[in-house]
Structures are given as C-alpha cells and as structure tokens.
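These notes concern the structure reproduced below.
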Amino acid sequence: MPRTTMMTTPVTTTTTNKPKRYSLANDYCVAVHPRILELMVCDNMTQHVGYGLDSHCAEAAHMIRQLIEQPNADVHFIPGGTQTNLIACSLALRPWEAVIATHLGHVSTHETGAIEATGHKVFAVPCQDGKLRVADVASALHENRSEHMVVPKLVYISNTTEVGTQYTKQELRDLSDFCKAHDLYLFLDGARLASALSSPSGDLTLADIAGLTDIFYIGATKAGGLFGEALIILNDTLKPKVRHLIKQRGALMAKGWLLGLQFKVLMSNNLLFELGAHSNRMSAILKTGLEACGIQFAWPSESNQQFPIMPDAMIEALREDFDFDTVETLKNGTSIIRLCTSWSTEEKECHRFVEVLKRVVTSAA
Amino acid sequence: MPRTTMMTTPVTTTTTNKPKRYSLANDYCVAVHPRILELMVCDNMTQHVGYGLDSHCAEAAHMIRQLIEQPNADVHFIPGGTQTNLIACSLALRPWEAVIATHLGHVSTHETGAIEATGHKVFAVPCQDGKLRVADVASALHENRSEHMVVPKLVYISNTTEVGTQYTKQELRDLSDFCKAHDLYLFLDGARLASALSSPSGDLTLADIAGLTDIFYIGATKAGGLFGEALIILNDTLKPKVRHLIKQRGALMAKGWLLGLQFKVLMSNNLLFELGAHSNRMSAILKTGLEACGIQFAWPSESNQQFPIMPDAMIEALREDFDFDTVETLKNGTSIIRLCTSWSTEEKECHRFVEVLKRVVTSAA
Amino acid sequence: MPRTTMMTTPVTTTTTNKPKRYSLANDYCVAVHPRILELMVCDNMTQHVGYGLDSHCAEAAHMIRQLIEQPNADVHFIPGGTQTNLIACSLALRPWEAVIATHLGHVSTHETGAIEATGHKVFAVPCQDGKLRVADVASALHENRSEHMVVPKLVYISNTTEVGTQYTKQELRDLSDFCKAHDLYLFLDGARLASALSSPSGDLTLADIAGLTDIFYIGATKAGGLFGEALIILNDTLKPKVRHLIKQRGALMAKGWLLGLQFKVLMSNNLLFELGAHSNRMSAILKTGLEACGIQFAWPSESNQQFPIMPDAMIEALREDFDFDTVETLKNGTSIIRLCTSWSTEEKECHRFVEVLKRVVTSAA
Amino acid sequence: MPRTTMMTTPVTTTTTNKPKRYSLANDYCVAVHPRILELMVCDNMTQHVGYGLDSHCAEAAHMIRQLIEQPNADVHFIPGGTQTNLIACSLALRPWEAVIATHLGHVSTHETGAIEATGHKVFAVPCQDGKLRVADVASALHENRSEHMVVPKLVYISNTTEVGTQYTKQELRDLSDFCKAHDLYLFLDGARLASALSSPSGDLTLADIAGLTDIFYIGATKAGGLFGEALIILNDTLKPKVRHLIKQRGALMAKGWLLGLQFKVLMSNNLLFELGAHSNRMSAILKTGLEACGIQFAWPSESNQQFPIMPDAMIEALREDFDFDTVETLKNGTSIIRLCTSWSTEEKECHRFVEVLKRVVTSAA
C-alpha cells in the first residue's frame, strides 16, 4: 500500500478538451441527471425567494430529515464540497482547535489549504487505506496534549474515502463512540456518499450515518446534480447562526432554490442511490476486467473508483482511448492510475475499456 | 439623503414562498434566460474537463477579452459575488493592507464580514449617493498614515452602486488617475454592470472599465445567468496563482464549464446588455409612475433599482400585491423601499404596479 | 467636539531621540518603577518554571482576585495591550461575530487591523467623547439584524478612554445591564485603568469593574511596569483553553514570571493607584495652566491626558522645550495636541511647561 | 531514531514551583545576564521615544549589520520567538502559500497552530535528526504541484534544531542554493543561534547565515536576555511595511528600547557567543557523564541540549534532584528526556548531576 498524495487534477493546466477519448477521469465530467434538468426547465420562469429560503429548499430539507430519521436535524444546501468542508470546520472549531484527518483526506491535501485559511491546523495521520480508525484518533490526542499544541476537536472522515474504500457500520460506530467519549465532533464528508451507501459491500444506511455523526453531508455534484451538497447538522451545539457563516464564506447562493430543487429530485424514488449503484456497477465491470488481466490494485474498492497499478507503457496505450488521472508514479516503471465512474458512465464504454485493456495487455506480453 | 444601512434581505428568515405577490424584491428571483437553458439542455450529456479548464470557459474568456479590448487580460469564472469580492480583496492585499469603500458598499455591510474573515479591514467612508469620489479616497489615505493603522491599498467601487446610482466616465477616470498616482488598486464590483452599461444616462463602455481598473467583474447572476461572475484581471501583478486562491476559497467549481457556457451565451449578440436595458426600462416605468404620484426618492437612479420614500401605510397596501424590501424605516412614519427589476421582470406587472400605486395614493388622500 | 482619528504616534518614523526636550508625548517613555526594578534585581538569578506557571504569577493572580473580590476569576498575564485586545476578541467571538466600539476605540483605529487579522469586524460607532453608551450599542444591534451582516457580540470600551474621559459607575452599570439583556460580552480595556480609578472625578472601583464586565484588563505598561497587562476573566464561558490561545498568538512569555513579579509589586500597598493618582495630578497642573491661558480642550479630562486646541504657531513654540503629539490639524490654523503624563512625570517639568506656555501666549498676544 | 513529537512543556499545568530541584528543564529559567541588568538600572529613568524608534535600537541594529556584514539589512526587535516566527511567515507568504519544515520544527508542533492561525499550512516533512535537507524540500515541492494544493514558498529551519543538532556550512549552502533556484525563501529560526554558532563542531558564522538566508533571527531569550529576538531581513522584497505587520500582531513593544538595550549589550565584546559557549560547555559535562555510564542518545548533539534515552526508574530517581522534561515515553520501559543548559547553568550543578547519575546507575545495576 503506497504512501501517496493523490493527484486528482492534472498538474499542468491546459485548456484543451479532448473530446474523442472517453473520460473515466472523474465523477463530475457530465452535467446533470435529466430528471433534474426537466424540473429546472419547468420551474425556470417561476419567481422564488432568494438565499435558500424558498419552498424547494424547505421540501428537500424535510425529505432529508425523514430519510435520515432525524426530525430535528438542520439542513443547509451549499454549492460545493470544499466550501462545505471549510464551513463545517470553521463552524465547529475555536481558534486553537484542529482537525484530525488521514494524510489522504481531502481537507489534508486537496483544498489548497482551505482549512488552514480559516485559521485551523489539519493534523494528518498516516493511513494505509484512506480510513481513519480509533487508534489513529487516539494517537492524535496523545501527541497533542501540551498547551503549546493545538487541541484536536473535529474528526474528519470521508465515505467513500479518497481511495475508494468505505467504512463498515462497526468502524463508524467505534469512531463515534470514541469521539463522544473524548468530546470530539465527528464530521463525515459525503461527497461520494451515494456510491458508498449503494455499494454491495456496504452495511451503512443514511439513518446510521445521521445517528453516528455530529455533522455530515450528502454530495450531489458527483451523484447526478449540477452542483450542491446537503450539510446536515445533528449536534445542537453546531446549529446556531450557520447561515451567517455560509454567507460569510460566499456560499449562500442567491438562487438557492436551485439547490433545493436538485435535492428534491435526488431524494425522490431513491434516485440518488440508484445513481450511486449505477456508478458502482460500472466500476465493477472495470475491476473485473482488470483482475482478469492479473492487475493489482493500490487499494481495495467496491465503489466508483478503482486504483490499478500498471506499467507506464500500458497506461500510455490506454490513454489513446480513455482519459484518466495518474495518481502516483512508482519507482519500478509502474504507476497508480484512477478510473472513476459516475451516474453518467455508459456501460458500453466500460466494456470497451476492458477490450482495449486486454488488447494492450496481450500486445505487451 | 439618509445615511442608511441597506437591508437587502429580510431580517427574519421565514421559509414561506409567497407565490401570489409579484416580486420586485430583487434581481435574482428567476432562474436563467431561456437561451442559456437551451444550450445547457443541448450540452447536458457531453463530457467535459473539470475546474474551468474546458473549451466553454476558454471561448467565453476569449470573447470577453475581445469585448474589453484587452488581449492580455486574465479571466476567471466564479460562482458568486461575495466569493468574487473576497477573492479579489485577498488576492490584492498584504496582511496589513485594507479596502476603501463607501459605508454602503456591499463589502462594507452585506457580506457578514467576509472581507474581515480574510484578515483585512474595510475602511468605510460615509457617502451621499453610493459613489466613492477622489476626495473620499484621499481622506482615507490621510486618516491612515501611522504605522499603527492599516494601509489602504484597494479601492472598492460597485457600478451600479448599491443604491442604483452609477459612475460617469469622468468620475471613473478621476478615481483611476488618483489610484495610479497613489499606488492603489482599483476594483470594480460589476454585479449590476449589465444595468449600468445599458442605462440611458451612462457613458461608460466595457472597454472603458477595463482600461481604467486593475480588476473588475461582470455579473451574470443578476443579468440572466443561473449564477456566475467573470473576474477580469488587468494588472499583471495580480495575475499569478489566482486559481490556487479560487480553489482555497471553495470557488473552483467542479463543473466549471457551466460558467463558461453561460458567459458564452451572454456575451453573444450583446445579450447581457440587452437584458440590462430591459431591466432598466422596467425600472423606468416604475419610476415614472412614482414621480407622477409626487413620490420622492432616497437616491436618484436610472438603473434597475428605485428607492422611493413612502408612508408606511401606503407601503403596507402595496405589499398586498407586490413583494419588495424595506431598506430603512425613517422617523416620520415613512420608509425607504427598494423596487428592483431584472431581465425577467414583466412589463405588464410594472404597469399593474403603477395602477395599484395610483389607487393606493388616491385612497390615502 | 471634532470627529477625529487620533494619531498617537508620529506619522513619519525617524529614529532620532530628542533628549533635550522633556517628553509629554506618552505614558510609556520611561522604563519601570524602582520598586519593581529592585525586586527584579533581587530575583534575577533565581530559577523559575516558565510560561507563567511560576509562584510570582500565582501570587499576583491571587492578589488580584482578592482586590476585585472575585475568588473564581481567571487571571492571565500578557506582555502588551494590542495582544491582550486581540486575544480577548478572538476568545469571545465566533467567526461571524463582531466587536462594537467607538470610532475612537483603540481596536478601531490604532492596532493596524489587529482584530480584523483575527477575522472579525470592528463595528465602529461615531462618538463625541470617547465613551460608548447604551444607545450606541442598541443602534449597532439595530443596524446588524440580517444574516448578511455580522452579529455584534463583544462590546469594547476603554477606561480611561482614548481621549482621556472616563465612565461613571452608572454608565458602566447601564452598559452592563444592556449587554446582559442582549447576550453581549462587555470587555473593558484597562490600559489606563490606574489613571481612571484614581481620578478625582471617578466613582468606580476595581471590584465594580469586575462585577460589571465579562472580561477586562489592568494595564501595567502605562502605570509603572516595564510591560504587561493582567487579563481578568469573570464570565465562565470565556475561561477554557485561554492559555492555548495566548500561546498561539505569541503572547505566552517564556520568562512569564517577570509579569507576575511586576503585578505583585504594583498590587502591593496600592502602588498601582498611587502611580495613577500621580499621573493625574501632573496632568491637572497642565490643565490648570492651560485653562488660565483661556485655552479650550477638545475633550474634558480629569485623567492623565489633556487635549488642548491651540494655534499652530504656539504649538511650534512649545515644541522647542517639550515633546508631544499632534492629534489633529484643524482647518482654522489650530490643532489638537495631546499632553500625556505618567507615573514618572516630574512635577517641576509640569510647572515649567506652564511657564513656557504663559510666555508663548503672551508673546503671541 | 524515534519519530517523535517533542513535549517541551509539561502536559499538565500546575502552578507549583519546585525550588529545591535544580532545573535543567529549559534554557529560559533564569532572568537576565547581569551586564544587561546593570544597563537597565542605569538607564531606568531616561525618557525614550517609544515603539523601537529610539537610539538603543538604532545602535543595536547598526552593530548587528556590522557583525553580519550586511549594511543594507533591516533589523527589527520582537519580544518573543513564536511572534517572530508567525510574523516572518505571514510577511513572506501569499494566502495560498505554505511553509516547509521538519515534523519536529517548532512551527510544526509547538506553537499551538500559530502559523495556521495566520492562514498558512505548514507542510511537515518527516526527519531523522531535526535537520531539513535539500531532498526533503524537493520532495515537498514534488508532492504539491497541483492547483488543488498549497504552494510551498518558505523553508523554515532552526539552528540549533529542536533536538540539539546543527547545520554545517555546506548543508546550509545546499539549502540556500536550492531555495534560490526554486524561488523559495529560506528562513532560519535562531532562537538557539548563540549555542549553534559557538558549538565546537560548528563551522558557521553570523555572516555566513546572513549571506545564505533571506530572513533569520538571533534569539536573546535563551541566550542571556530577558526576552527578545532580532529579526534580520536580507531579501529586499521582504522589507516593506514590516513594522505595520509587527504592530498588527501585537509585537511592537511600547517600551521598545528595552529590546535594543539588551541587544547592544549582547552584541558587545562577543557576549552573546560567550554565553552560548558556556551553555555548550555545561552540556558537554552532562554528555560526557552520560556516555561514561553507557547511556545512548536519541539525537547526537554538541549544543546546549542533550536527549539521553534512559530507563524510567532511573529517570524518576534523577528527578528527585533535578528538574527536566520527558520528551517521549518509549515502549520498552525507557524514555527520552531532555537536559537543557543555558548561560546561567552552574558548573557545579552539572558535576553534581553526573555524580547523582552514577549513583543511580550503580544502584540500578
């Protein structure tokens, strides 16, 4: 298991679109599920109250409260994930307090210091598989006992993690118990929660998560929405004045009803999780094909991201037909790549990937 | 001219939509111009590169550079106005430096301390009509000469201003000359630039603004877009690493092509300014009707916002049919209200407003 | 009463000492009261525990708790006033909360944006005489009711104020009652508390202040100490983890016992207030002399600062013998100057000032 | 070599002084060198200009410029080390930029998140011996290439390091060359520079350091001063407006001449380095004694700190006579302790330590 820093975006920023290669580069490369777009078209000329005080948001929040079985939860809709992370951390922490996360955590490495820009240290614990465990949190507390050190206060986890793994109910319960016992907040980044909760190997439900965390969010950007995350606050001490903070951080959308509208559709008829399940099925096709070729994986995943380790020449050959990111270049002429599927990934393209892969592997042999 | 703090949003936050009253409450109460929506529908299943590195953004930036006649300008697309303001200020300022703005400036009062949250003071100069003048800037410099005081460095103006007024070419040139002579950055908040540049009394062009400022933005949220502001950087010293800062502040949209797509449409066939002109024409209908009833205005405006001063009873009567905000309750039983039109305001509703107004005035007499 | 921004330091920073002119420029131009220096010499080679965990600090804190009649108060010693102000504000405020102060408040203008650098807005209310009154606080609350505005939470006052005035017991009680009723913290900057509490026209005691505020400090820098302020926390919600914050802001002194040692001496035998009374008596000599010459004052003061308004030529003549700051240059050829006395000001120099003044006035007539 | 987090202060904060045990706990447990105290007594009633604009500071700065052979260097005197670190980082960095340091670096762990509180990430590289090497910096740059990551810009090193080791001239030159080639600032924390530059195994001079860094400081707190660090800026781009920043962070001392006065004495007759050499000699006595008992060290040191690894029972026995900190409790019943000497450490106490140690070791055998 390599100790790596994920490169989810290309290091060089070119502005050329490569339309002919099918993208498995990320789960936000296609706009929005048609059912949402349909309602947007319908609703387009309707006048709404601004800043999320409209009826779409109220209804979507109500639906979420029912699904998570927490009638007193507060629900706020925020356009993006980094915003949501920095708002949650800023909300929960006093100036001397810090976040505990894995070294692969999105807040640790991939937000250009967004948490530090709110004044808080992210105490990053090295991890094997993207998951934070009780022993890691305990060790972070142990290392930060002096007045000359920050006070760890918010435990950040993501589900699925940045490397495609996911928490079991027991693992989440253990973290939750430890956090309660040590006066820590547990915050779950659910940018890929749709994939996690619809994975064949997962045993968590939305209600479980709401019952075991202090604050978490359900991501739409990577699950069929145009943009938007639903931040859900369970712990009463975190509820007051959140809208002030959302405004201060530039995340209180003027046309906020667009967020409520999207979540209404995603929460209806289990759409969000159906889309998550689709992305997982597409990913499983890729995984099965890779395994059949004897390819190893950097991390085990039954979600929408796969991290195969492949020879660099083979990777270049695949790049002629598919777009994806290299996560880490290893020393022995191989690299870890990321193959990412989404609600919009087409099954025929996944099968084509497997075919191209077989051809590439055969010609390399 | 009252010294007031604008209340552009209701103080109490209720979540009830009031569908039967026609809204003149703001210029962001309707989603998006159909021409944009059409392209969104067309483009919906296309795969794109993320984070604004796509071809829509490249094309929109190119169109903007041509319109402003500045081939070397940098163009960044940012979802919202408060984000854009805080990014511009954070980009331009060293820790001890400050913003100069009027006391009515959006950054002074209506962003829940967003600028201060980046560590910078907003030095607010009292103003009569929303406009900042050379004498105001000079006075701010004069008052802050000691090492124990902040160093004013960025001059923030908005056009149109928060109270509907606008800068003449001469006024902007004077500010620009003064800023250059005193090593200050001039930043223009163009959330309502479409209205300003299409106002019958305005003499500024986009190219003028680009030639006279260091950094400015063109707003789409209030001019036919779903959301989005185009931040344009003219001054070379402000160009490096802006995308890092945008990411850090949570404003680097995953599906960034949505911003480019919108600006492409708005910049085509002069659409942005046609929509601005429409909002101004609708506002002029209201203004003419109000003047005909002998009603005074708190500030003179030929843009899309009118600020009549009316007896409170008359205001309550109007509220039965129309939704709008009270800006300030004055001592003598009157208040300043704001009537705001937009690209989507219907002409027949403006005429209906005038009719209802006449009836209300007559019955009050 | 001019609306002014105080210039307590020269605008240009030259490094020349002017030894021949007697300084009435400030109350920190001489090092330390001999009684403190004596103990420092005695104690100089003693080994101490660092960071304020020593016995001097413990004893000084105990003495302060007794003097203020608050056995449960927390006492922290901090090297400087700006540090103490920024720590108190950062301690008390959540990210969206703000300070209310007068426009003359030290935190408003003379700390180079120190409070804003912690992320918080200072909402400055115009004032006549340096004092904040209930109506000012009420007005600040009234102006900041929307979610788009900061939430005023900490009321900052200084006693004596920056212009030499002071609060009566009734005024402080009114503020305290209002703050309690509106869930605001009341913070008193006591950099010049020694002068305030020993002024002939004052009716407040240390115990009164401790009973009426949530947090305040007693300054030593301007009252016979080398440096140091004793921050006293009365409100239990502000007590946890303050030492972490003090460390984070660089204000946890390695040789912290030096602070405790100084306060032990200042709190013994009423020394602090005797020194305050001396500075007030010296100031009264100046005031009487000025009044005898018919000179007007910008603000009424019975403390250690006087703010006469004098013709500029007369000011220049006085500057040949005495050093002092010009606070504001008025339009009519006069200026407000500040004459500042301290624990170390010599009586004979005050009388000499009056003599020189008379000569200058006579020759000008 | 253990991967450890140093605990330089006790985790629990008790306020009891333990006068009977001789302290080897730190290098700031005794006040000030008598030669400085003498000048303080002499100068005590002299009037000075405030805020470091006095003649003592001017003279001390001049002496430093001569000693470092850099006539254009800017010199600022700041009361404490954490303040100096946070000011240097805040001065050098734009919002998206970060510090590179070792995981043992003072800024990484022992300042309660002071750097993060200014908005910047500290990118901590694991190290063996407290020293940062070119390969570490290169690796930090390699790991942070994306727009979604911070931009490392300031390289922080300390000399001596937090674990008593020190840089050779070649190591510093390599770092300096790499920094210049990669547009990085090199900042040297010299809290213990007096010990480093007077170590028998060191080959660096003050002038070398000034020639190879962009900004560094010379510490007085741990080298005979009451408090104070001299921040020296070599790189012209870092020079403007530093005093504004120092004021903003609460580090512009009212009685600033106290800092200049101290540095004048320390810079005269090589006093600073004589005191450093004394602390090293005292440390060498301890080291020789420990080695004679066959005790291993966590890190090799020829400076004023020693880090022996000893059985816990033996440590407890030593604690009856001497005060020192436990740095890390290892798994096998041993711990790393820190023995710290200073300018004031008495030779007879060092010999007594060795005697007690021998007795303890013998009785344990």
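Note that the chains take the letters A, B, C and D in the order they are written out, and that residue 1 is the start of every chain.
Please note the rule applied: contacts are C-beta pairs under 8 Å (C-beta built on N, C-alpha and C of every residue); 3 or more make two chains touch, one makes a residue touch a chain.
These numbers were taken from a predicted model, which means no experiment stands behind them.
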| Which one of B-C, A-C or A-B makes the same contacts as B-D, at least in over half of the residue pairs? | A-C
| task | Count the C-beta pairs in contact for C-D and for A-D, then report the pair with the higher count. | result | C-D
| query | How many angstrom between the C-alpha centroids of chain C and chain A? | reply | 51
| Interchain centroid distance [CA atoms averaged], chain C/chain D, Å | 33
| query | Any idea how many Å lie between the Cα centroids of chain A and chain D? | reply | 42
| remark: Residue ranges of chain C touching at least 2 other chains are 9, 13, 51, 95-96, 111-113, 117-119, 147-148, 150, 243-245, 247-248, 252
| Partner chain B, residues of chain D touching it in the complex | 51, 90-91, 94-96, 118-119, 147-148, 150-151, 241, 243-245, 247-248, 252
| request: Under the touch definition given earlier, write down the residues of chain B that touch chain A in their complex. | output: 9-10, 13-19, 22-23, 25-26, 28-32, 34, 37, 40-41, 43-51, 53-55, 57-58, 79-86, 111-114, 117, 221-222, 226-227, 243-245, 247-255, 258, 344
| query | Quick one: in the complex, what on chain D touches chain A? | reply | 5, 7-11, 13, 95-96, 98, 109-113, 116-122, 143-150
